[in-house]
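Structure record follows, encoded as structure tokens.
When the chains are written out, they are named A, B, C, D, E and F in that same order, and each has its own residue count from 1.
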Amino acid sequence: MLRIIRYSFADLIRSRWLYFYTGFYLVLTGALFLISADLSKVIVSLMNAILFIVPLVALLFGVMVQYNTREFTELLLAQPIPRRSIFLGQYLGIATALAISFLLGAGIPFILSGIFLSGEIWNFSILLLSGILLSYIFSALGYLLALINDNRIRGFGLAILVWLLLAVVYDGLFLLGLAWFSDYPLENVAIGVTVFNPIDLARILILLKLDVSALMGYTGAVFNKFLGTSLGMGLALTILVVWAVLPVSMIRYISLRKDF
Amino acid sequence: MIHLHHIHKSFGRLEVLRGVDLAFDRPGITAVLGPNGSGKSTLLKSILGMVLPDQGEIHFNGKPIDNLGQYRKDISYLPQIARFPENLRVRELIRMIESFRSQPSQSAELIHQFGLESVLDSQLGHLSGGTRQKVNLVLTLMYDTPVIILDEPTAGLDPVAMVKLKELIIQAREDGKILLITTHIMSLVEELADRVVFLLEGRIYFDGKPDELKQRVDEPNLEKAIANLLSGGHLTPIQPLDASSKPIKKMNGNVVQPQLKY
Amino acid sequence: KLHVGAGQPFATIQAAMDEARSGDQVIVHPGLYRECPVVVNKSITLTGYGMPVLDALGEKEGIIIEADSVTIEGFEIRNTGYSYIEDRAGIRIKRTKAFTIRNNRLILTFFGIYLEHAKSGRVINNAILGKPLAEANSGNGIHLWYCKDIDIVGNLIRGHRDGIYFEFATQSRVRRNISEQNLRYGLHFMFSNDDIYTGNTFRDNGAGVAVMFSSRIHMLNNLFHLNWGQAAYGLLLKEIYDAEIRENVFQKNTVGIFTEGSNRIHYKDNDFLNNGWAVKVAGACEKNDFIRNNFIGNSFDFAAVGNMETNRIEENFWGDYSGYDLDKNGIGDIPYRPIKLFNYVVDQTPETIILMRSLLVEILNFSEKVSPVLTPAEVSDAMPNMHRYIR
Amino acid sequence: STGPQPISYGEDACNFCKMTIVDQQHSAEAVTLKGKVYKFDAIECLVHYVSPLDEATFSHLLVANYDQPGSLMDAQTSSYLISPNLPSPMGAFLNAFDDANRSAAMQTSMTGELHSWESLKTTLTLKNQIPQ
Amino acid sequence: MLRIIRYSFADLIRSRWLYFYTGFYLVLTGALFLISADLSKVIVSLMNAILFIVPLVALLFGVMVQYNTREFTELLLAQPIPRRSIFLGQYLGIATALAISFLLGAGIPFILSGIFLSGEIWNFSILLLSGILLSYIFSALGYLLALINDNRIRGFGLAILVWLLLAVVYDGLFLLGLAWFSDYPLENVAIGVTVFNPIDLARILILLKLDVSALMGYTGAVFNKFLGTSLGMGLALTILVVWAVLPVSMIRYISLRKDF
Amino acid sequence: MIHLHHIHKSFGRLEVLRGVDLAFDRPGITAVLGPNGSGKSTLLKSILGMVLPDQGEIHFNGKPIDNLGQYRKDISYLPQIARFPENLRVRELIRMIESFRSQPSQSAELIHQFGLESVLDSQLGHLSGGTRQKVNLVLTLMYDTPVIILDEPTAGLDPVAMVKLKELIIQAREDGKILLITTHIMSLVEELADRVVFLLEGRIYFDGKPDELKQRVDEPNLEKAIANLLSGGHLTPIQPLDASSKPIKKMNGNVVQPQLKY
């Protein structure tokens, strides 16, 4: 498996695309720093960008790489390599490449800015962690979509659709729902619904670090009790990990049953 | 070495293999013949675990084949339709496949034998049809494995390469390997095959020596013999349709009596 | 000078005081004194050397001052006990004037220093420490009831219901105190007029300062910090008039300033940093000025319900301002509208705060920015400053 | 969870006046039929909140028992005493007792006037609550 | 050529992806109408979404379709069809499909809302026009990128990069530049720089018409101030059209010189 | 009908065609032979305008070929490596190609002849190798055109389909068509070819009747003759290397004297 991961990783690197992706985050983070010297503001802006771009790019690259490596996969299937290693290895290769790319691109400017000396180090770690988890989650979803759909246009369309759904539409419906049923006690529902959308979950993880003061004003102090504690934090992280594991096990399931 | 028990495989509503029992135990060259779409490639792929049968079992070296695929260390496989990552260079592809298999490889010698030195730095997408097939052959034959499975190995090869290939195949037989080859070129079958398996609509209609086949159809030319087999239309498979019943007799090399009506 | 303590002329404080005349100084040496309540009914100075301890044994008051011109300094008073019925205090000042309470330490007193009908006194450099973990039943640190012309300077108050409580207390000054970890308010004005508080720090209270039903309060140069929670405000204003709120720093509070029914107030030169809401106007507020403040890093800069037309919002610096300054006069060319659509949504349905900073919310905010429908158009800074005010 | 919820003293805020709820002798709570819970720092705040609304939309109206700080009881059946000697957080001097005998007894020692839930709603107005 | 356009169009329709795309705009526009009945407000909100999503989808589908139809192209090359028809036809097929999809999705709710009776019809047309132009521009760019890069991962990577640059980073860098050189008169530079970003141009085009000074941004304000509304609009529109024509002629140039 | 004047083509630094002059005017079957990578497919593709020569001119029916490609109405072309949109169904693909060409099509008959009725609704990506080639043949042969270019038409075909194909080719010759075929199966050349063009490293080394070739090499078997040609290594191209000089003689059918040294 390690060989496959390494190969898939190297393949992405050779396409030089990763440099651009890293470069993009470098430029973005760097520019944010230049515009504002306030670390926490940079973190907020970066969070907005991350929650929106990481899932999109990861989805598209998951789809992309799956389609692009079909030939490669067929070659490997005749070699003495376990099937799951082939597919999971490819997936882990992309996901890790994306995660590292993101980590370097977003992390280097922060380190240069002396984050280690500031009190924001914890907020920053949560931000990076979320970005990494989202990279893993959404590249798995993309890879899965491509594995299921042989029609490439449909695969890509679905990926964009999934992104639109989770990044915008989901929250829209959620908001409407909350407004609609505002006569009912919704604190727990609100948290429950959030859990089903990894982007929301990641956002709240960061929010808990950044906007505690505002969140503390929330009725019923549900946040306090649920997410504000380290238990809640752990739970949120766990759910994110589940989000990453679920599509991966689907990939595994499907890959073990597919004919080539 | 390789035992297939009652293999069934459908793609959607299309039944491609309908109860195939086969055994390959003795060294030698078996030609798997049959018209287009009869299921030859599907059969070979299911030995490789690339196609997963709906029913039946495949044993390799006495053990059922599994998804871990370690048994594939002992098999070299040449796919019929070779799909390569088109951007890769030949050298990179060979090195890559080598890196996934920690067995000693004879790629250098094969590259020399097929005269591929000059294209090593070409992208696979830019190769000519025959050159592509040569690369495909190098990738397949570079390991010393007891089983070699070749699906249409001659496609697009020029006469010189063809001669080379035949030499390699004969050498492999002499080394005591088990070879499974599909081809539509009967002269090749005649030249090489120790055993012929004839597949039609997912069933085996003949399994025996080439001479036996000619005898049965009373036709000295193998090509015509096969054509006769097909056009005659009075065929009966040598295995029962009923999947639940045991195969009449365990196939073993070429001892089975084909039950052809003609 | 009369000395009290082991090996001193007087064994008990009471004995010394019985001997003392007006203007005398009673000096109490280190030791534990179990003679609470100590009632001071002469104009004397009661001085503790090396922090003698007055222990009220959980059921008495500490010191009761019933004469004018009394000075109490250098005592540790503790353990008055709690009661639902009476407001026990560490030091109680009853209907007197010209007192000085200085350099004392009050530990686990129900009420700390209780001033009723007192005048022209000073409460300086005392430490008043209640239960570190706030508990529902606690009194106020410094409690003023019908007082006038009091100076409260340099005290540390921690772990009470209200750190400092003013009820009907006028023309008094609260300076350089630290009031923290109080259950309700760091400083609380009720029906008190013409007071000033400057240079104080209010940290981690239920709310930093609450000013209610009071007029002409000046609030200058204070730090409101980390007042977190559902009902947590840096500064809570209710029915107050003609106040000055200047050069304060509001940092990391759930709500920087919450104001309701308050008129003619000048909010000038304040810094609102990283609050949940910087300013929340709950209605019926007229003729207020919000001028030259810095709004930086707040989750919401401004929230308002009701008609805001008579209020002025000008020349503030808004961290979220994205306009431009083509004529380069340092003032943005387009007005800034600090109320986002999402503010409004959250006000209506508090649960929606869970969607904060989501892409959807950014889009909604953006669209509302164009032509406000739900948010009040009059809440707008027509001359937003391009640069942060440095102070 | 459509029942009443315990009040977190020092943390929860009064739904009416926004102040932090600290007084266990005077807190109050209302629960709607749909299950939404509102908490109050003083009984007078509950009264002001509920008065303009339809009481039928609430499943619970609860007030603190003066004699058992921290425990809540049904507002409609409680007995109330407004006494200048028993201050309450929002200046209404309003206290609740679990039975009429007890409040009458308190009235004799503390003076003041007795009220039922219904009479409370008519006598208590925002205006007369603020002294001065 | 018409046949190729039609075929390429039909191919996209068959992948059912277009329905989702149309549906997305329908939902989006519909939802905006639900939230606000104010037409001009809906237009601006929609503008925001359009400026983000249209370029992204058009780029990705340009790339996608080019890669996906390589086989198809090889088949056609042996047929009596002019080369440029094949490539331009395919490109026009996608672009038109995307444009129509957008037009229907965004247009229908507006028509239902009675736009024809209101004074906003002209603003609305500008919006639709911008969306359509962006569809054409960015699908051409995507198609071109895929035509130039045989490495699919690189092609996709570049497409995403172009989008990130033009839709996300560009403004940031521009603002940074402004802050840096704030002592110099930058109006001409601002106009010049805007010209290189079709997304910016489209936004300015819409905002000039709507005259929402709050949203115009620095470049928009400069446009307004120095060119006036009608000249500014004319210029913006012209450059947008140039933006559409340029990559198309590049496609043509390259397609006439490529071996298969 | 088809005239190639001094065609040069390089891919990068690789010179694939180095001055090819050829003419195809008379009806009949020309076999284009040569080892893998010698430039056969490149040559055929440049006639189609799929590969654009660096130098030289190609005339079709007297007119230089152009990018508009209307002359391709008169050509049917079977690519060696058939790349299909893999999701399409066979029926859809055939209908699609028909829709681009407003000539009468004989697809239905060809489908019947190759027995493809049953796979019409299969996706192209799911076809077997031979079936794929049959579909490829149907797409090529369904139009009645004066020129037919087949690049390795027999790859993967079973004997029955092969017989059918030969019939179709012979029929086309009888109809007076010009056929260009590349193949590595010498028996096929022997059976069908009226003319042989031998390509090596981008130059033409022989252009004439098969019999002539055998004579030259003094070898009755064509396969061996070709092998001889190659392994002998004493070859000279029949065209000058110098691109600027005129071709010595206009090629016309099989009248050119090959100048082989052996």
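Assume a contact is a pair of C-beta atoms (placed from the backbone, for glycine too) under 8 Å apart; a residue touches a chain by one contact, two chains touch by 3 or more.
Note that the structure is a prediction, hence the values are computed from the model and not measured.
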Which chains are in contact with both chain B and chain E? A, F
Common contacts of chain A and chain E, by label, are B, C, F
Which pair wins on C-beta contacts, A-C or C-E? A-C
In terms of CA centroids, furthest away from chain C sits chain F
To the nearest 5 degrees, please report the angle of the rotation taking chain B's Cα atoms onto chain F. 180
Mean of the CA atoms for each chain, then the mean for all of them together: which chain is nearest? A
Round to the nearest whole Å and give the separation of the Cα centres of chain A and chain B. 45
Calculate how many whole Å lie between the centre of chain B and the centre of chain F, each centre taken as the average of the chain's C-alpha atoms. 29
CA centre of chain D versus CA centre of chain E: separation in Å? 62
Centre-to-centre distance between chain F and chain D (centres being mean Cα positions), rounded to whole Å: 99
Residues of chain F that touch two or more other chains sit at 11, 86
Mind pulling the residue numbers of chain A that touch at least two other chains? 68, 151-152, 172, 221
Multi-chain contacts in chain D: which residues touch at least two other chains? 11-12
Could you list each pair of chains that touch one another? A-B, A-C, A-D, A-E, A-F, B-E, B-F, C-D, C-E, E-F
If you look only at chain B, which of its residues touch chain F in the complex? 11, 14, 34-37, 40-41, 80-81, 119, 122, 126-134, 151-152, 155-163, 184-187, 223, 226-227, 230-231
For the complex, give me every residue of chain A touching chain C. 38, 40-41, 44, 47-48, 51-52, 167-168, 171-172, 174-175, 178-179, 182, 186-187, 189-191, 194, 199-200, 203-204, 207, 211-219, 221, 223
Within the complex, chain C is touched by chain D residues 9-14, 17-25, 69-70, 130-132
Considering only the defined contacts, which chain A positions touch chain F in the complex? 150-152
Under the stated contact criterion, what part of chain C meets chain A in this complex? 228-230, 232, 252-255, 274-277, 296-297, 299-300, 319, 345, 348-363
